[in-house]
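Please find one structure pasted underneath; my questions will follow.
Chain lettering (A, B, C and D) follows the sequence in which the chains are written, and residue indices restart at 1 in each chain.
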Amino acid sequence: MAEFCSLRDAVAAHVHDGDTVTLEGFTHLIPFGAGHELIRQRLRDLTLIRMTPDLIFDQLIGMGCAAKVVFAWGGNPGVGSLHRLRDAVENHWPQPLEIEEHSHAGMANAFVAGASNLPFAVLRGYKANDLAKFNDRIRTVTCPFTGEELAAVPAIRPDVGIIHAQRADRQGNVLIHGIVGLQKEAVLGAERSIVTVEEIVDRLDPPANSCVLPHWVVDAVAVVPGGAHPSYALGYYERDNPFYIAWDAIAKDREVFTRWVERHVLGTTDFSEFRASIDGAGAGEAGP
Amino acid sequence: MAEFCSLRDAVAAHVHDGDTVTLEGFTHLIPFGAGHELIRQRLRDLTLIRMTPDLIFDQLIGMGCAAKVVFAWGGNPGVGSLHRLRDAVENHWPQPLEIEEHSHAGMANAFVAGASNLPFAVLRGYKANDLAKFNDRIRTVTCPFTGEELAAVPAIRPDVGIIHAQRADRQGNVLIHGIVGLQKEAVLGAERSIVTVEEIVDRLDPPANSCVLPHWVVDAVAVVPGGAHPSYALGYYERDNPFYIAWDAIAKDREVFTRWVERHVLGTTDFSEFRASIDGAGAGEAGP
Amino acid sequence: MSEADFTTNEMMTVAAARMLGDGTVCFVGIGLPSQAANLARLTHAPEVVLIYESGPIGAKPDILPLSIGDGILAQSADTVVPTHEIFRYWLQGGHIDVGFLGAAQIDRFANINTTVIGSYHRPKVRLPGAGGAPEIADQAGEVFVIMHQGRRSFVDKIDFLTTAGYLDGGDAREKLGIKGKGPTRVITDLCILAPEPGSKELVVTSIHPGVTREKIRAATGWDLRFANEVIETAQPTQTELSTLRAFLARTARAHGDDR
Amino acid sequence: MSEADFTTNEMMTVAAARMLGDGTVCFVGIGLPSQAANLARLTHAPEVVLIYESGPIGAKPDILPLSIGDGILAQSADTVVPTHEIFRYWLQGGHIDVGFLGAAQIDRFANINTTVIGSYHRPKVRLPGAGGAPEIADQAGEVFVIMHQGRRSFVDKIDFLTTAGYLDGGDAREKLGIKGKGPTRVITDLCILAPEPGSKELVVTSIHPGVTREKIRAATGWDLRFANEVIETAQPTQTELSTLRAFLARTARAHGDDR
């Protein structure tokens, strides 16, 4: 049953050290506000799951929140590398990072299997490439009708599913529209769920057959305006491409990165303060 | 690529004796017009697939079009039996009818697997009941991660997928809204597809994330106004409940049934003539 | 018929409706279950969430649907999802509290037959089949069954096990790893039955007003037992009756039903 | 720069765009593939159907998206489906004619590495990873690869096989039951390569204007061969160039890009 609370309370109540956590949103609606709150509350040893890690995982990894990352494509879209992810994998900084690496098709199917309460997903995939050589969670099953061998991956059923959505109504029913990615699956397959939204409205009035999460499958709803920034929220604000571009230089250097997070994330109490802190300068300055 | 044509031409081009054919639509948008055309063209030895057979299968079975039916629930919803289905199973009239019987969950998953081009579907289901005893197409697979045993059913990949939808645009893009059932899967998993629609519009203007079938996955689009009657088309007309009620008496008796089909279906050249033929009298009279 | 009087059907529907707690997420079968679930929604349980297998989630129909996918269900729902999603994400996903089912035949361990009377390949009567019931009974938190009681429906032995109740009784169900609690209540036009702790055999726990034990036993195809404490079902309140009757009257008008 | 002149990047994008037939259903990777696919749509192939893995089907962006899920893709699409549906129903379902990919490293048999340079567990360079490419290359009818040519990208041996081309060449691909034809064209800033019939080794089939064989060989990490008949790539038409430049100018303005 959806409880309305601050994002700080939602994270404190539902996310614990060592949890498996997914923060989904395919380019659209990436839950940056929630990711920052994980950093502020200094969570540790998380297994972080995202099909496309993006800057939010770069920040979490660089701040030492993650013991393991499950992913399929870890880059800064249209810009280049995720330098903090690379530094963790290449140089174990700030700590070693275990990785479980899939393809998009594998992870998309794994989220569906998770929402379906199945232990595994079946797909045509991982054919004739090296992914399964380095990931023993890519296996096979045999069709009991045709004898054909297919790929199998374990279902994604995280402790906590965190997403950002456009809006909720006063009961806590959530509407997502535009690119809906794997958000529905991330919530339905999770033990607990946190949804940040742009706003609360009196009536949700969803279009026919749109993506709605009823209040009784959501644990916490927190209003975080702009909570997907520098990603975007269709109908609210555009993707902040200069932020993504500016991030490259910030993340490239350990010290610049650390100063940036200390100043703008750890040095602020919530996402609106963070937004004020970086205002007017793309991703803001790194700080002294 | 969607070709616009008459329903008669669509059926003549795409449906052949012995084909496996699904006519989907869960209570809503049942393709009655297309079903009648199968009867008019006297197709034989069809394997007919529908989760909930409904009156359209009663008519096809009673007219001897079907060699086999794959289904999960065969009744006249809210009224009672499908008498022609029963007569075929119980008394082999007008001919023996093979049945492959599933649960809704099994068939729903089988349609998804079909649209996904997988040979089988995995589900938690068919537990501790007699269905698998009489259907060797209900089997098991073992999870390669947990060792758990789950149910498996073969994917539904018919020769022809036939559905009715609210509308198409001039390119042949199709919009379905309201209860969308398994229609998308029925088309995407089929070798060939026929879509009947209420009307053609200049602009489809689908709501965000609604159920759209692009023109390049549809083979034939035929305009058949009222083509789901006595089922309904949300936004166009309501379900004709008196027809469903009247059907009970018509279908109960072989001769009454046969006269009814001969008069109203075989005695008409298309669905608009059929509608005129029964007009004003529920399901019409059975004829002399 | 005055509001003080009520039929056995009305008693059955009212008794079944009362089982549904407010806020419960209920997977609703068509017919009697739908009638009872909507009566609950219109009386004591305004926040009950009604899910129909065709796709509507949070349906609030103002008339009783004749089919499981009437337009009123889609139009009044919080959201409508594809049918496969209902079975995969919502039912199998573990989000359903109560499955509300009807049945053609039931046995003493609440096993249900909706498939055939007689042999499978040469049936005396071919029934509609399983529909959604097997997985609803498997995966919903618990199941309520609503059905008329009689010797043809309450049978000593079912001819086909369509939907598992407690199988041979005892812990047979748990032993097979079935998650849902199973049929915790069977509501009929005569009484309410529940599985006896331990044996899981259905015993009568509540008798509807004016019904005798003899009448119930006569309408049961096995040697029916009664719980140690059997209460009398509270008769329908005026609110329950008037709400139900108004609902059914609206329904008849809307369906143009002249039966 | 006058319209008569053009850069090697422009030549690459134009040459790649020309590969896409009108009406083709194309699964589009971000970056160079997206640029080329949209140029095709804006020139000779107005009915090309562009599918992005985030969910948009039939996207018609008037600016180049920076990411694979920009708002303009959703807003301009015929429909937007969940990401899993893209991979399950549309790609695996067999509805994609062409997969249009980029790559970090490619070998002589068009096998692609986008995972690591060096060893997997102790990489010299950790690349982004597989993304959608392995299954796109497996399941699309055929694949076009667009990438810059150089000794660090056109390598004798890839360190990690992320996405199968022709594996060891010959019929190695078919033998494994892979359905899609694989990379039938590799378009670079210098030339166009295609698998030689039989061996499936990439050979140069078309050389961009002003580029020498020596330059191409110098930019290739293996002993590159040329097809028996090598043509010169037709230089960009004025329409192609002006359309591409206007598209990129609109993009730069919209993204506030001051790079």
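In this text, a contact is a pair of C-beta atoms (placed from the backbone, for glycine too) under 8 Å apart; a residue touches a chain by one contact, two chains touch by 3 or more.
Just so we're clear, the structure is a prediction, and the values are computed from it rather than from any experiment.
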Higher-contact pair (C-beta pairs counted), A-D versus A-C: A-D
Chain A-chain D separation of Cα centroids, rounded to whole Å: 28
Inter-chain centre distance, chain A versus chain C - centres from mean C-alpha coordinates, in Å: 41
Distance from the mean Cα position of chain D to that of chain C, given in whole angstrom: 58
For chain D, residues that touch 2 or more chains besides their own: 74, 80, 88, 92
Where chain A touches two or more other chains at once, by residue number: 117-118, 123-124, 178, 180, 184-185, 208-211
Full enumeration of touching chain pairs: A-B, A-C, A-D, B-C, B-D
Chain B-touching residues of chain C, taken from the complex the two chains share: 30-31, 53-56, 65-71, 73-75, 80, 82-84, 86-88, 91-92, 115, 120-126, 128-135, 138-139, 160-164, 167, 173, 176-178, 255-259
Of chain D, residues touching chain B in the complex: 23, 25, 49, 57-58, 74, 78-81, 88-89, 92-95
Contacting residues of chain B [partner chain A, same complex]: 117-120, 122-124, 137, 139-146, 148, 150, 152, 154, 177-178, 180, 207-211
Chain A residues within the chain D interface of the complex: 26-28, 51-52, 71-75, 77-79, 81-82, 85-86, 89-90, 101-105, 108-109, 111-112, 123-131, 134, 178-182, 184-185, 211, 232, 234, 238-239, 241-242, 244-245
Chain D-touching residues of chain B, taken from the complex the two chains share: 1, 115-118, 173, 184-185, 188-189, 204, 206, 208-210, 212, 214, 216-217
